[in-house]
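Should a chain be cited, it is by its letter among A, B, C and D, assigned in written order, with residues numbered from 1 in that chain.
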């Protein structure tokens, strides 16, 4: 017993250390300033969505106003940075996200008191309302929130440096973000292994029973909201330092929606789920957003697909495969996965074709409508003629039929494999 | 649509290898919302820039034989994303960026450009602002690396107040605005300037409402009506403006509305008949200003892009001025271009545009016009197919909107 | 040690116009096993809900070990040493058997809302949870999520969670409901084992279980206790036979 | 006096429109336990459908057809989306509607463009109904009130006086029992969802031209509708009605009150430090956020809402 737990600890240490080393090494591979900025954004979002999952995944609280804590942390950090003026130094700047964390914590105490009186749907609605309230107020107080222009600052204070860093170059900022993200992630993981973390799970599963084993569920929720607000605030502090500007948008409903999306897509049932979600969605937002103006539609459809087909998120898909692998059953599914790839690709190609054609025609992404040739997906097409439409629809249809057909067989295999898996276990 | 992802990655690599070698064209990155709720504004701007570059520059020989080209970068309206897109543009070798929508994004960009230039003096970037009107951008936060081609809020109010000074029918004024920086500024300047110019105008009320959250303006109109105001000053835009005008018509309020943004991008359509003879706007141009080339340019544009109505003359001005600056400087180095732009005087269709050196703010003639039924004569063209168009009430000369600046510019 | 474990006085509960509990007076002595029986709809579960504060009291008082507990919240009563099970299984479905039990012991061991201690380092919590797990015979299912246990196993876990907190007054609501004969026997043995030295109050329909286990029995009919006595005396009580046993125990 | 009467009139008109929006949401919630995040999206669809129909055959056919179309879309969404999400619980349902709102907005962008469309009030209803204290009251507002009240009455009658209404109510509390009696419960739920969204569509038909029909209109009303449903008490139709009128009136009256926070606190004897930004806020300025404050207050003092039966 003792030995095995020590082994677990050692492999866990290796895993954490490996992740940290990998994160720190990434700028060696991705050198352009854009890619490093992208990595920075990912690091911040990882912390933010992990903090969100403390509510959604661990305590079962669906919040539509989590950006409030994030924004409060960002503004507090920025104001502190500006108040420091010349008195600060790189070391102080490096520690500033802690100010954001405190602000998030304070916000959690005040708002948590109001919101955690109820769970479930009511909680979701209250957070929505409070989020709206704070977002609306943020524009009314330009003194605090900087009005439309936001509050900006400079993270490089003076000429001195701390261990050779002054955080000016983006790479140094990236290093700082990685360190903070690492500390926060470790802390959030540790929290799941404490009495409070476990009771949060208990309250999520069965609040009534939690009361009858002696726990005040409101108090458990409140504490989780406060702690989650704290980490969200730290993420906000990192944003403030990274972009050196904070606007009212950081605390509005859109930001809350994005973090919900990330967390859910990544998988709320696993600690590492939100990390996957944050990385994936950030990349998609910026890369798919750069490729097509229809990205919001693709996003919405992808989200709906995940809700209906994989409500456990990507992490749960990975977990299932790992279970299969451990049980030695992965090989049984692999041919089916490979067989599925082609029809799914065809289906996707068809759908993308239809969507892009529609955008080119209706939203005027190309040069006008009518018979003129327009570039769609790198091809010169005449939108006014039926040919491209028929082709796209035909590909979609073929993809659908093939997916159904091959998918049906894969589904049968899947069910029997799962049955074997659970049969082995039971 | 090419795939910018691969371009971007490939360029990111090649830029590092080659270090931004001479390109066959002069490239300007257009960073504005191209998806989401404000995408229509961003897309209209991008089309305007592309069209202007083609017709006004490239068909006339280009810039030192090179073509001027605009590439869209979608900042989704977010200040944070603006910075990411700036980095993306810089990686791809862009040295000039333009942005217009949202003061938040503009502030973010001016900060980012300043910091980038300070930290990378060998790869400087220049920011052309075509529509963000927060006065601080050319006052407290002015920068050598920023040029504004639109009149700012304060200048626009100066022009309007000069008009009001002469219009003796205005006796009681009501100020209503969105509760954020722009609305606050409009209210502040209105009061300050009228106090200096027309002491007899009584400000009978002042209301601020949260931006984009009011569905029914009837209670506000009731209040305006109760105050007895004959004129309303508002900085509202978008739905907050359309709904205000509609509610005024419903309640039979006969006051005139002085606005900043009634003229374009869907507002005339949303307002429709409700705005007739009640809505006054201030712009640098409208369809019924008699001009030599712009009228044809606008008509061609509207025909080429159905549903997108030509609105920004300043886009054309900016493209011409930037091209001339590059030609004069015989260089596409941002610093040289910036120096050439300073103090430039450019004859355009509506008169002369002057880029003031002290704060990099463009000075240009402005027009005050009222929404009236299109009659084919003074109101020759209607606006956005509504049957109503803009009738010029007054022309504000370039000098009449000039204001001193508090800018103390750090010059490289 | 003089005050009874539970004392109910003039306890009433009404839902709208209908009165379900119509003035119950009852003393439950410390250390006794007390069963509450009665026909369907007599209000047995409601009585449990009132004692454990799942439902608010309409009138009357409830004393737990001499202290008035009316108006307290469920978790406050639990902290005073009263623990209950539910007729419909009420466990943490997504947590493993072991975690279910560990959650149940945390408060009584004083760990409260701690977020500065590692669960894995809390030896006493682990030992107590493991002891209960062995007690209820689920040692082999330690890491199985509670949601996929068999029905009988879930019922055992339900009892395990109830006793794990170490409360000295235990309320069991139909612990053997829905079990087969052999399962019931095991459950009775389990209950007898784990409630040794504690006060036990149970609602039960299975008369075999009731008469085998209880020291005293109260009969609840239409929201009133019509008799409280030893099993033997209850068996002979005329009023009880008329109201209840005459119809239900005849086939016992 | 003049102020009170006109504000009251404006408040009631606005409140009735809010009720139209929230009634469908309440209906769906009380029957199915689903909080439809995309409800306002169906309102928007109603407006756009009506606009499209009005360009072909005029306003009046649209008044009837557009809500039916929206209801049909709603029923399809229930059948092929929500019903599947239902297996994973209420959070999945909520998230599904959340994603749906996203998609609907993009589709509207795609089909009708990103700017407002020219959806006009029909000529028959364009004009002044009566003039009160020199302020005209348009016919169209009267028409809106009429439709709204008519809807309330019809809804009430449907639920309490008809067989289908009784079955719906029974299906809510005891779905298994109703199913055992031979009724197709999933189909009932589909009908309820379709009906609820059709109500939102109707609100869109008559709200779209009174205000502005544009792609942001769903987001603009989305949150206020939730406020109403929460304040009124989740699932209570009567509560939604009262809350709508209350919030309509709160907003209109507070616009008319030009007193600042300082004055309010002075009334109860607390002097605020002058000069702070909070102290300078006026009630007018805060009018549109008052509903949210009101909601928070309600949740603190009466968590089940004004007339709510259940708590969550």
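In this text, a contact is a pair of C-beta atoms (placed from the backbone, for glycine too) under 8 Å apart; a residue touches a chain by one contact, two chains touch by 3 or more.
This is a predicted model, so every value here is computed, not measured.
**Q** Among the other chains, which touch subunit B and subunit D together?
**A** Touching subunit B as well as subunit D, we find A.
**Q** Give the label of the chain whose average Cα location is farthest from that of subunit C.
**A** Most distant chain from subunit C: B.
**Q** Point out which chain occupies the most central position, where each centre is the mean of Cα atoms.
**A** A
**Q** Between A-B and A-C, flag the pair that has more C-beta pairs in contact.
**A** Contact tally favours A-B.
**Q** Between subunit A and subunit B, what's the gap in Å when you average each chain's C-alpha atoms?
**A** One centre to the other, that is 35 Å.
**Q** Whole-Å distance, subunit B centre to subunit C centre, using C-alpha means?
**A** 73
**Q** Compute the distance, rounded to whole Å, between the mean C-alpha positions of subunit A and subunit C.
**A** 44
**Q** Could you tell me the distance, in whole angstrom, between the mean C-alpha positions of subunit A and subunit D?
**A** Result: the chain centres lie 31 Å from each other.
**Q** Going by the contact rule already set, what residues in subunit D reach two or more other chains?
**A** 109, 113-114, 285, 288-289
**Q** Could you list which residues of subunit C touch at least two other chains?
**A** Subunit C, residues with two or more chain partners: not present.
**Q** Please output the residue numbers of subunit A that touch at least 2 other chains, ranges allowed.
**A** 136, 140, 296
**Q** Is the chain-to-chain touch network here best called a line, a ring, a star, complete, or other?
**A** other
**Q** Kindly provide every pair of chains that touch.
**A** A-B, A-C, A-D, B-D
**Q** List the residues on subunit C that touch subunit A in their complex, please.
**A** 52, 54, 73-75, 78-79, 83-84, 90-95, 99, 102-104, 106-108, 111-120, 122, 161, 164-165
**Q** For subunit A, which residues are in contact with subunit B within the complex?
**A** Residues 31-35, 37-38, 41, 136, 139-140, 142, 147-150, 152, 154, 168-170, 239, 243-245, 247-250, 286-287, 289-293, 295-296, 356, 360, 364-369, 375-378.
**Q** Quick check on the complex: what are the subunit A residues that touch subunit D?
**A** Residue list for subunit A touching subunit D: 56, 60, 62, 114, 117-126, 128-130, 132-133, 136-137, 140-141, 143-144, 253, 257, 260, 264, 294, 296-297, 299-301, 303-304, 307-308, 311, 358-359, 362-363.
**Q** Where on subunit D is subunit B touching in the complex?
**A** Contacts found on subunit D: 2-3, 6-7, 10-11, 13-14, 17, 109, 113-118, 120, 128, 131, 134-136, 138, 140-141, 210-212, 214-216, 219-221, 224, 251-253, 255-256, 258, 282, 284-285, 287-289.
**Q** In the complex formed with subunit A, which residues of subunit D make contact?
**A** 35, 81, 84-85, 88, 90-92, 94-96, 98-100, 102-103, 105-107, 109-111, 113-114, 223, 226-227, 229-230, 234, 277-278, 281, 285-286, 288-289, 292-293, 295-296, 299-300, 303, 311-312
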